[in-house]
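Notes follow once the structure below has been shown.
As written, the chains take the letters A, B, C, D and E, and residue 1 is the first residue of each chain.
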Amino acid sequence: MRSIIPILTVVAALMAIWYAGAIWMNSKWALDQAERAGVELSLSEIVTDTLAQERPVLPAPHQVVTELWQTTVEKNITSKRSLVFHGWITLSATLLGFIFGTGLGVLLAVGIVYSRAMDMSVMPWAIASQTIPILAIAPMLVVVMNTIGATDFLGKDTAEALFGTQPAFMKGLLPKAVIAAYLSFFPVVVGMVKGLRAPDAMQLDLMRTYSASGAATFWKLRLPSSMPYFFTSLKIGIAASLVGAIVAELSASPIRGLGGRMLTGSYYGQTLQIWAALIGAAVLAAALVGLIGALQRGTLRRMGMKP
Amino acid sequence: ADDLTLQLKWVTQAQFAGYYVALENGFYEEEDLNLTILPGGPDVAPAQVIAGGGADVVIDWMPSALAAREQGLPLVNIAQPFASSGMMLTCRKDSGVETPADFAGRTLGVWFYGNEYPFLSWMGTLGLSTDGGDGVTVLKQGFNVDPILQGQADCVSTMTYNEYWQIIDAGLGADDLVTFKYEDQGVATLEDGLYVLEDRLTDEAFQDQLVRFVRASMRGWKWAEENPDAAADIVLENDETGAQTEKHQRRMMGEIAKLTAGSDGALDIAAYDRTVATLLAGGSDPVISAAPEGAWTHAITDAALK
Amino acid sequence: MTWINFWLANSPLRGTRLVKLFVPAVFGITLLVVWEGLVRGLQVPNVILPPPTAIAARFASSLDILWVDFVQTFVKGALSGYIIGCGAAFLTAVMIDRSPFLQRGLLPVGNFIAALPIIGTAPILVMWFGFDWHSKAAVVVVMVFFPMLVNTVQGLAASDHMQRDLMRTYGASYPQTLLKLRLPAAMPFIFNGLKISTTLALIGAIVAEFFGSPIRGMGFRISTEVGRLSLDMVWAEITVAALAGSAFYGVVAMIEKGVTFWHPSQRS
Amino acid sequence: MDQDVVIEANNLDLTFQTNDGPVHALKDVNLTINKGDFVSFIGPSGCGKTTFLRAMAALEEPSNGSITVNGMSADEARRNRAYGYVFQAAGLYPWRTIAGNIKLPLEIMGFSKAEMAEHVNKVLELVDLKGFGKKFPWQLSGGMQQRASIARALAFDADILLMDEPFGALDEIVRDHLNEQLLELWARTEKTIGFVTHSIPEAVYLSTKIVVMSPRPGRITDIIESTLPKDRSLDIRDTQEFIDIAHRVREGLRAGHGDDA
Amino acid sequence: MDQDVVIEANNLDLTFQTNDGPVHALKDVNLTINKGDFVSFIGPSGCGKTTFLRAMAALEEPSNGSITVNGMSADEARRNRAYGYVFQAAGLYPWRTIAGNIKLPLEIMGFSKAEMAEHVNKVLELVDLKGFGKKFPWQLSGGMQQRASIARALAFDADILLMDEPFGALDEIVRDHLNEQLLELWARTEKTIGFVTHSIPEAVYLSTKIVVMSPRPGRITDIIESTLPKDRSLDIRDTQEFIDIAHRVREGLRAGHGDDA
């Protein structure tokens, strides 16, 4: 709660900059239009015009907020025009991908730390995998997964047997989750490798005097020492997972979710829709990162790490 | 019912109204078809989808379909609901461009991703190089018309049914703009056609499905042309992003109807030859190197339109 | 193949530079052979996945294009964005580290802004900064900012009590504590951020080109050639990306080894 | 007399809040240290010696009472760089060599390059670590690390030296040697020294004042003013006076333990 | 006699490679320790005591020569959990409470819950830390941490106890107390104990065998078999026999220092 005032201060400063930016960036268009219409604009006219354009270069905050309000609160959340609906589509892919990605990342990290062969052979390829532009292989991946029929989570028939009708978010979930996982496993690998190697020589020696098994050393020493690194990685990983899910939405079929909204917003020139989706995605990211932060604080406190 | 999957070239919009209409009105069902429509997007290459077995029929533009054929993917045109091209280059009048002769030294926005072929052919016939210098400077234009609004390009690519209206909506009047329709410049190439893989055409059962599919689709298009507003509404209902507006889709339907007008679905051989000629004429760097063989068939439309 | 690796990795030769290069190479070659075999065996169409040999041939015959694209995307877009983005995040971290007020205020808001997804920001940044590499650098800045910030902030908190108390007994000024204690202690974390950012920078620069670009650059080439179904060219570009990215990462990792030699994870 | 007071603690209380309740580390502690005093703190493990030393150096905030140093608050004195502090654990920075660690305070206090090199050499020699300047901390034995940390505190000329069991990990002979060195330094420079030790002979040999503490809550049970002359050699340990003082310290210590056993 | 040999070092050499050249930590070391021996290692700081102890526990690999434990290699013995080891620094895991730290080896060796609780309570009491089980390491004083680390090594019943200056940070009285406890434990359980210390009286009081070492390169200069009876009270420290042995140790130690000064 102590942080409310600082946050508000920063947000207020940001808003001021944003408004100034909106006026500055949109004024060119307003002046352009006026010139073609052959009229002179007064300063106040410029300001009112720039803050209410239908296709602004930079929409004013209140325009975005209005759009957000209209597409969240004022729409039924099952409606395709509701940002909540699209947010949920994206979130489900993000979370599933994050779980896959984190799992894979931790497993690889453990392998790398425990097996020299894996360290030498996997790490360079894990790095290389991340330099492959995801937007380039996402469509290929979707095509391939489509071909082998692995697109829906649970599969249409299973889902229908379980829930009556197939929940909308499950349709085409898997390729998106895979791409989200692809982006999120890497920060987890890098951070966890470092974290699992963080115990100092004496701490490791202690385990050796107990002739502790690899498993015991892992659970009782390496894993606890890696926690600060682990949570930092998770924060980056979940943000990456969200980016992955949104990127994947451009190649997935049907196009929807926050990424789909950004794309169609851009395609149809609906700047406000882009910004609303953008802010929506950022809110989602912030909430997810915040959640992990809370988890981190709780865990580290239980581990007596910080007064 | 037979399952059939159709991959669109782009997102759900009135450009594909005929298929959605046929689906909603049960035309496919009446033909004993269970059709799935897969919307496309900027990152979906229909040819790739069909090569991977993700769809049975795809909608593509002929230049890119023929290019794919040269790449070793044997696409065959089985029907051509779009008779004419909707592609244009739209310039701001205040940039000083009045005729194609003024292009030299200008910055032009172009779509790539297989949509650049008509443009490249045109520039080829105009004798303008596309890599700067004394020719034109080409920008890879994104999804939208921002470059012309922001003044980053003198001209951008537009479709009669979509981007052009976005420029208008953004506040530029029709008389602030100069447009060059590819049709008028004699470099028009065939757009949205239906393509399948050549080897599957030998399968009689599949042929039969295609016949029924084309028949129902053309029924859909006829209906859409006659009921443009209702067709636009059907499209809106099928839009999963919830981003479409009624105003825009109805207007788009109106423009689309102009392009489908005059086609009964059968490929017009003259238009095909003109397309091939245009693509072959692309100066030093033609899009295709030789006139393709067997790139189309009338077998399906002949049977469907009986 | 794999057993060669296990044998090499555990043999007395394991420390040598040769083996360090050889082991991943063996792994990679295994991968490529399997790939070639699968593509040929299953007759996967070239327009879906070309075999490595076709990619290599295309690579060799297109060196000039690949080079131009590399300079445009990697050198101009990714590298400059990386430097600016990591630098800005670093300075921000140091700045908010000093002020608890800013830390509590700016960190959440900073996270928030940095979490804006690239798909949404790229078109906007292209609109703002133009079609050339400047907008790509801007996208990279936005992308690398968050990982770098989180790591640096975490790292600046990593010194232990006694180490900080020592500085207090010297009545050390803030900059002195920063320079002589907190930054060195933060280095393992900072390099974590720097390493993750190398790959992000490359991806960011490439992906941003999908949203508008001049007609050169790795992202431009990839998106264009996918549409043209020249998948061999696409993979040639991907190869360049992987090579450049790995080299970039490797350089940063090497610097890390030098700088954080004292950290238990670097001593073995 | 009054202007000679260097450290003054008045009714000092210090409580730590922990996950299972408060720990009273210091309770009602009063002490005056004059300029040039050599004060030893002795007491059972956990009685608050470290905490008291830390409070003097403004590393802990008293819960109650006050502590003044050179007439100002402990914190001001800290910012004036009044202290050299030797921690109970060596606490060397792992990214610096031994010489680099010793140089650290000198860099902070703005010594010149030449001065630094000179000081480093001098104190390395003092603690018998010549030739180890280029090694990293983890390459040194425990005792060597501790000596390096002593060298670090001696490298700059603070008026007040606070040392928390500096010689704990050293053998008798090195210890005797360093004791002599320390006394010599103290006599020469008139520093004021606070010194935690567990060795009764060491406390008696070094100090002008011995503070005996007792735990739970940590408090001072005895303050013994030494009657030994300021100029001492190691032989003094065989004098009756020395033995008497040692005896009194031992009694105090035993009493402290008694409370609790 | 022969089957009683527990630890045997033959021509042991151990060299560390460092950034500025090799350090000869151990050179030509020979030693036999029999079952039930209490062996103390004493020598100047940096002479290789810790290194030797670590080599016995297979924490360092000798460069040359061999070391066998219970007739097998040190490493096999380690894998058979033959050792309890107390490190020179406490080395508690910061994320575990004191009780949790002591429980650690018990968890690893698969003790039952009830056994664990019992052992933990017993050793906490032994080192006088009852009531501190729930605290985290950084909430304890230096001496308390060291005692916790002793408790951790005693919690499971290893046949060989290797202790590296376990009582360095403790005051005389606690130290005496723990010395008695340790002797009592040793007599009762017939453990074999290797013990590094800097205190000559402690070494003489506890040991059946005192190994005097000297540095650069680290080697053994004297091995003194104690003639004191196995059953000892603290009073024994005033006997002539005790004083004689202590004298011999001091001489050895001094000689080691002399080499080098």
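Criterion: a residue touches a chain if its C-beta (ideal position, glycine included) is under 8 Å from a C-beta of that chain, and two chains touch if they have at least 3 such contacts.
In UniProt terms the chains read A, C = ABC transporter permease; D, E = ABC transporter ATP-binding protein.
Quick caveat, the model's predicted, so the values are computed rather than measured.
Chemist: What chains, if any, are shared contacts of chain B and chain E?
Modeler: A
Chemist: Relative to chain D, which chain's C-alpha centre is the most remote?
Modeler: When every chain centre is compared against chain D, the largest gap points to B.
Chemist: For this structure, which two chains share the highest number of contact pairs?
Modeler: Top of the contact-pair ranking: A-C.
Chemist: Average the C-alpha coordinates of each chain, average all protein C-alpha coordinates together, and give the chain whose average is closest to the overall one.
Modeler: Checking distances from each chain centre to the full centroid gives C.
Chemist: Where centres are the averaged C-alpha coordinates, which chain has the largest centre distance to chain E?
Modeler: It is B whose centre lies farthest from that of chain E.
Chemist: Per the centroid of Cα atoms for each chain, what is the distance between chain C and chain D, given in Å?
Modeler: 49
Chemist: Just the number, please: Cα centre separation of chain A and chain C in whole Å.
Modeler: Here chain A and chain C have centroids separated by 18 Å.
Chemist: Roughly how far is chain A from chain B, going centre to centre by Cα mean, in whole Å?
Modeler: Using C-alpha averages as centres, the distance is 34 Å.
Chemist: Counting in whole Å, what is the centre-to-centre distance of chain D and chain E, each centre being its mean C-alpha position?
Modeler: 28
Chemist: Using the touch definition from the top, which residues of chain B touch two or more other chains?
Modeler: 42-43, 45, 48, 51-52, 142-144, 146, 150
Chemist: Considering chain D alone, which of its residues make contact with at least two other chains?
Modeler: Residues 19, 89, 136, 138 of chain D touch two or more partner chains.
Chemist: Residues of chain C that touch two or more other chains: which are they?
Modeler: 48, 123, 127, 210, 223, 226, 263, 267
Chemist: Spell out the residues on chain B that touch chain A in their complex, using ranges where they run on.
Modeler: 11-12, 38-45, 48-49, 51-54, 142-146, 149-150, 166, 169-171, 173, 176, 239-245, 248
Chemist: Note which residues of chain D are touching chain C in the complex, please.
Modeler: Residue positions touching the partner: 54, 57-59, 78-81, 83-85, 87, 89, 91, 93-96, 104-105, 107-109, 136, 138, 162.
Chemist: Quick check on the complex: what are the chain D residues that touch chain E?
Modeler: Against chain E, chain D makes touches at 16, 18-20, 23, 42-47, 49-51, 88-89, 128, 134-136, 139-144, 147, 164-165, 168-175, 198-200, 250, 253-254, 257, 261.
Chemist: Which positions of chain A touch chain C when the two form their complex?
Modeler: Per the stated touch rule, the residues are 2-3, 5-11, 14, 25, 57, 115-117, 119-125, 127-137, 139-140, 143-144, 186-187, 190-191, 193-194, 197-201, 228-229, 232, 235-236, 239, 242-243, 246-247, 249-250, 258-259, 262-263, 266, 274, 277-278, 281-283, 285-286, 289-290.
Chemist: Of all residues in chain A, which touch chain B in the complex?
Modeler: 29, 33, 36, 54-55, 57, 79-82, 85-86, 135, 138-140, 142-144, 146-147, 250-251, 253-256, 260-261, 263-270, 273
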